[in-house]
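First comes the structure, then the notes that go with it.
Going by the order they are written in, the chains are A, B, C and D; count residues from 1 in each one.
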Amino acid sequence: ADIKPALVYGTGGKFDKSFNEAAFQGAEKYKKETGTDFRDFEPTSDTQGEQAIRNFASRGYNPIVAVSFAWTSAMEKVAAEFPDTKFVIVDSVVKLPNVRSVVFKEEEGSYLVGILAGMASKSGKVGFIGGMDIPLIRKFACGYAQGAKAANAKIEVLQNMTGTTGAAWNDPVRGGELTKNQIDQGADVIYAAAGATGLGVLQTAADNKKLSIGVDSNQNHLHPGSVLTSMVKRVDLAVYNAYKDAAAGKFTGGIQTNGVKEDGVAYALDDNNAKLITPEMKTAVEKAKADIISGSVKVHDYMSDNSCPM
Amino acid sequence: MRPYHVRLPERKGQRVSQHPAIELVGIDKSFGAVHANKNINLKVEKGTIHGIIGENGAGKSTLMSIIYGFYQADRGEIRIDGKPLDIRDSQTAIAAGIGMVHQHFMLVENFTVLENVMLGAEGGQLLAKGVSGARKELKRLETDYGLDVDPDALIEDLPVGKQQRVEILKALYRSADILILDEPTGVLTPAEADHLFKVLKVLRDQGKTVILITHKLREIMAITDEVSVMRRGEMVATRKTAETTVEELAELMVGRRVLLRVEKGAAKPGKVLLSVKNLTVKDARGVTMVDNVSFDVREGEIVGIAGVAGNGQSELLEAIAGIRKPASGEILLDGQPIANADPARLRALGLAHIPEDRHHMGLVLKFEEYENSVLGYHRDPRYGRGALLDLKAIQADAVEKIEKYDIRPPNPRLKTANFSGGNQQKIVVAREIERDPKALIIGQPTRGVDIGAIEFIHRRIVEMRDAGKALLLVSVELDEIRSLSDRILVMFAGKVVGEKTPDAGEQTLGLMMAGIAA
Amino acid sequence: MEFYDIVVSILGSTIRLSIPLLFTALAGLFTERAGVFDIGLEGKMLAAAFASACVAYVTGNAWLGLLGGIGVSILFSLIHGFASITNRGNQIVSGVALNFVAAGLTVVLGQAWFGQGGRTPQISGEARFSPITLPFVDAMRDVPFIGPLYVHVISGNNILTYLAFLAVPITWWVLFRTRFGLRLRAVGENPGAVDTAGISVTWLRYRAVIVAGFLCGFSGAYLSIAQSAAFIKDMSAGKGYIALAALIFAKWKPVPVMFACLLFGFLDAFANFMQGKAVPGIGEVPVQIFQALPYILTCILLAGFIGVAHPPKAGGVPYTKER
Amino acid sequence: MSTASVPLPNWITYGLMPLLNLLVAFFISGLVVWWIGEDPLAALKLLIEGSLGRGDAIGFTLFYATSFIFTGLSVAVAFHAGLFNIGSEGQAYLGGLGAALVALALDRYVPWYVTMPFAVIGAALFGAAWAFIPAWLQAKRGSHVVITTIMFNFIGAALMVYLLVNVLIVPGKMAPETRTFLPGGQLPKLDWLMAWFGLKLGPAPFNVSFLIALVMAFLVWVLIWRTKLGYEMRTLGISPSAAIYAGIPYGRTVIIAMLISGGLAGMMALNPVMGASARLQVEFVGGAGFVGIAVSLMGRSHPLGIVLAALLFGILYQGGADLSFEMPNITREMIVVIQGLVILFAGALEYMFRPAMVHLYQRLKRA
């Protein structure tokens, strides 16, 4: 069946080279494959998100994907107003029959890149820079720390959050400054889970000839030779699958959890970072991956009890 | 620009060329609706001191500022040394050898004397180059004219007399050939004024031309070679000083022969109503403006305070009116101490105040007339209940006053700015008198007001006296003081230097005002 | 980490964070000393950041980027001048208006041109001012005490940083040792004195706002093509106001302005450092306290509790001769 | 001859000149639209349709306008007393705290109409409190209220973020915001009012606070032109020296004017916090405080003018959102540009056309 897909981004903006861009890529992929065009919108403030979702719904768009937890309450409202429209929310849970909630096991992907960081670090110190200080980002941090410790029990993990409001996703200057701080403190691999702020992290790491780790999209190409790897979160698949399922009449509501097993989170390996990943590192990370899938390694989810054992 | 100093040859009284130093032809200037200069023609001969006199608001400052390029005339021509010169800005005027000491000084207060003198004539992009030259030049001017000031003193630390010296030095430093002084003696002590006149004479004898604006006929007679008279924007006459008299000039200035004598009977003073004891008032800089002044005003009398502007009268009035906090001393109204009361409370106690400056204080020019008719009394229960104003009552009240005082146009809804000066003054006078206060303090009641209105206002003031009120009158117009007051106090340098009756001669009072005799 | 290393790290961060403040506050120094209040510093900085990033991206040359930033910033200054000098409008209103125009226009144009949500593309290489390593860094590295300071604080900054510190003595020299400076200070105190000295008040004030535009161009370029590598919407993030606060804090004097900017930069750096760390005995100090501190300090100063700050006397008042 | 002191009739000063200024602002905005390669007329059409074309569009327009009436009145009241309050933004932010605390405390126990008066008071009180320190500093220490209110915007933002992130947040929730108010803490929508005009409000959050805004506009009119306090404020605003002469206490009048201004700004929070999202969120003011400056300048500080200007800005905000939705090339920030241009032309350049007007008017009068 023909569908009229729509996409609402988070406030970081479509081309954040990260989370939102991944969503865009998913929609683009669907468009390329099927020729079905989509409409998208970049809200720049919280009130706009709700209006955008509603605008799409009232204009007959279906399905409507909203990425970012920021639209949770907006989605709760609008999805109830339009029970016949199919909605997808990413990174959050909305319990309505016409809403599919896609969440990721970020702790697992972060664990994998944590292992790589732990092995790549010469100083025994690795860093983490988060965007807005929310449980979701602490979840990234916690998984990362577990992975780094698994690779090197004596490793020290430095952690900083950029801020406490939405502006924290969009503050590369502060991101860069925090990175420099961590480098000064001895960190030589820094993982950014901070949306567009991460661009500043990666930039500063490259400027200082240190390693960094990207997030959400594959960011290895941004500074080849400096980005160790990226924790890829398949937001693109969430978007792509939503459209495909809807077109095929197979759209289902409910919660979808994507972990390493579902290929929802992964570490990125491509030409840009092939030289940085030694065979031993590759072996170790692949083993960890297998262990997670098999269940022999269980990565603690920060959000399960709002605490991190590290 | 000319080099910053060219020493002129000594040319005692000799004429270099036959052209006048300045010639004005048909100068006309309006500020919005105010026609400040009307078709002015004037010749100022070289090497002379030329006086210009006229009442407040006659347009003297405006005319001088046009010559100096500060304002631009709407029409007319300026000729310097016989040649027409288009003076678009002060730079042109300075280049043409014109210097001006403004009525309100144009000095940068937190600069040193040297910096002020150099400003605009620095002698190069970098200051360092000019500074030593400027120092030397200042030194020379100091010895030549006896105009000594410390070049490194900050302006704000100097007394006004010295500040004026800086202004004169500024002009001389730019080697002005024509020096305009706008009311220079208003702020000077007699000794300082005498010194200034000596300097001016030296300048004239060197061949420079001086234009001197003043209110004081004594000064005109003492120093000028020629004198021109302005009245209401027009140049009414020019005379050789030697061929005129004070009486003639006075008549030309005000446009009538003798000042109106106010019809009034003898005063019947009652008990003391307003009493000032050992009052001292300081200004914002801490300079003592009123110095230990004491006097009483009784019911049924008008006490006039005479004095040269700036001798503390304004501050005295403001202190009594509650606008300025006295530094020490007592003020009693009907026996009650009021030295620390605010204006609102003073009004409630029955003290009304006609301020010196109606535009600045007495009126809110953007208000409609009726709104100004209650300024200061707006909290009176007659004009509203509770928090609300009763606009109907206020307007009715305003209409009543308009009729009684013949305020024109008789429209309470007209913006106050659109009334003429005289009518604006009537609005203030009506408001303050009609409240039927116990005591009334009055500053410059008729400044810039036409003769008809002056008469009217004077009559009201005398009526108040006859109704048994206590009135304190401050005016720089000695004639006004003499014709209205029952007793005259003379203020000089912040002190009351003596008390006279109105019969005291102008001479006597003038000397007292100059601080010479008591 | 050694205590001294922490100090060095924070100092390095302080320098980087205070540079945009320093350029901007010096810009404000020029206009406000000339009697033109400038709330619009924020907008000029933002507009310059955008223009610098655009030009640098297109030409691939950081210096051209800087030039572009300066040009746009001066244009904004001229509008401010036109409104507040020529038309004698309210200077504060004009500044506020320009802040809005800059905040909006940068995003509108950025989105229209690059389609990246108001961001410019990332710039790299020659299009960016990169850190410069000063000579003898390697030799100095092991010198105790001075070494780390030289390596991490003094060396390793980009050229604009050094220019900012150079701008301080130059500003001082211009204001207090040149004819232009004398006149500029005079016109902020008493424009009448300047006018009657035969100097055009209008032109003088225009020159002051142009200099301010020039300096804001540097701060904008620093933000987008030195400190980071792209323009991001609202990237000035209130720095213009902090610079204004620093200017007041420094009582409109060049060298104190530098120290005030360093202080405010330090507060920011220290807040970054303290983030997530607990102070013994107190616990974790909320970063918001550090964020608010410059503003609180400025209010305390304005209240006259630590020495009264007298703005230039004629500041904020349009010069009119005819009422 | 200088034209500054030539009087012009009110219809020119208050009608024609603002209109002219507005037109120029719009014209330049049109040029910007054209510059980025879109059709300005098509954009204008979308803007008007998007703001006035449907019931819910009108609802959103009025929703935005409600906020702007409050902040516009806030700026205007201070302005009449000669104070430029740039702090409405921060005062509104704090006002949100006041409203939210009331709603959180009462929503379980009482219906909305009982909560509302307390919320109005709470919002006004907190807004006024945030204006108090700058007011006091101006009144007693002579610190310029423009600078201090800017500073207080930032201090207020830091304080609110701290409170939301550390104190008011629902544990475990991502976004720093309070819990959702129960209906007892929400202001109902004005569907019935829209229904009078045969319009369907739909999801637009147009709510009771609009009526509160209109009441406040009326009260401000009474305050400024019908009360003794208003008379004193205007005197002080036009001529501080005349105010001293008239015995109007400077400090008291400044502080009261700023408290009223801050209170009005604080009340703005009722609209988004209790009328729309039913919770207190970070940055919920979203620049409405600054829009108030434009609204007040545009409306010549008169409540009627402010209501009209607020409607205009409501149209811009809603229409602009719709426009950016339809023409993704024109982002929402376009309205920020227009807003800036309106402030520039209606505020800083308000007299640009005056000399020309005076000449034209004088020629007209002569003819």
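Here is the rule we use: contacts are C-beta pairs under 8 Å (C-beta built on N, C-alpha and C of every residue); 3 or more make two chains touch, one makes a residue touch a chain.
The chain list, named the UniProt way, goes like this: B = ABC transporter ATP-binding protein; C, D = ABC transporter permease.
The structure presented is a predicted model; accordingly, all values stated were derived computationally and were not measured.
Set against the C-alpha centre of chain B, every other chain centre is closer than that of A. Judged by contacting C-beta pairs, the busier of the interfaces B-C and C-D is C-D.
Work out the mean CA point of chain B and of chain D, and you get 46 Å between them.
Chain C and chain D have CA centres that are 30 Å apart.
Centroids built from CA atoms put chain B at 77 Å from chain A. Within chain C, contacts with two or more other chains are made by residues 107, 117-118, 233, 288, 322-323. Residues of chain D in contact with two or more other chains: 2, 4-5, 161, 331, 333. Each of the following residues of chain B touches two or more other chains: 31-32. Contacting chain pairs (ordered by label): A-C, A-D, B-C, B-D, C-D. For chain C in complex with chain D, the touching residues are 39, 79, 82-84, 87-94, 96-109, 111-113, 117-118, 233, 238, 241, 244-245, 248, 286, 288-289, 291-292, 295-296, 298-299, 302-304, 311, 320, 322-323.
By the touch criterion given at the top, residues 60, 161, 165, 171-172, 174-176, 180, 202-203, 272, 276-277, 279, 281-284, 286, 321-322, 325, 328, 331-333 of chain D touch chain A in their complex.
Those residues of chain A that touch chain D in the complex are listed here as 40-42, 44-48, 51-52, 54-55, 58, 69-70, 72-73, 77-78, 81, 92, 133-136, 164-166, 303, 306.
Of all the residues in chain A, the ones that touch chain C in their complex are 13-17, 42, 44, 159-161, 163-164, 167, 170-174, 176-178, 180-181, 184-186, 196, 199-200, 203, 207, 222. On the chain B side of its complex with chain C, the touching residues are 1, 31-32, 68-71, 89-95, 100, 102, 104, 106-111, 115-116, 118-122, 124-128, 170.
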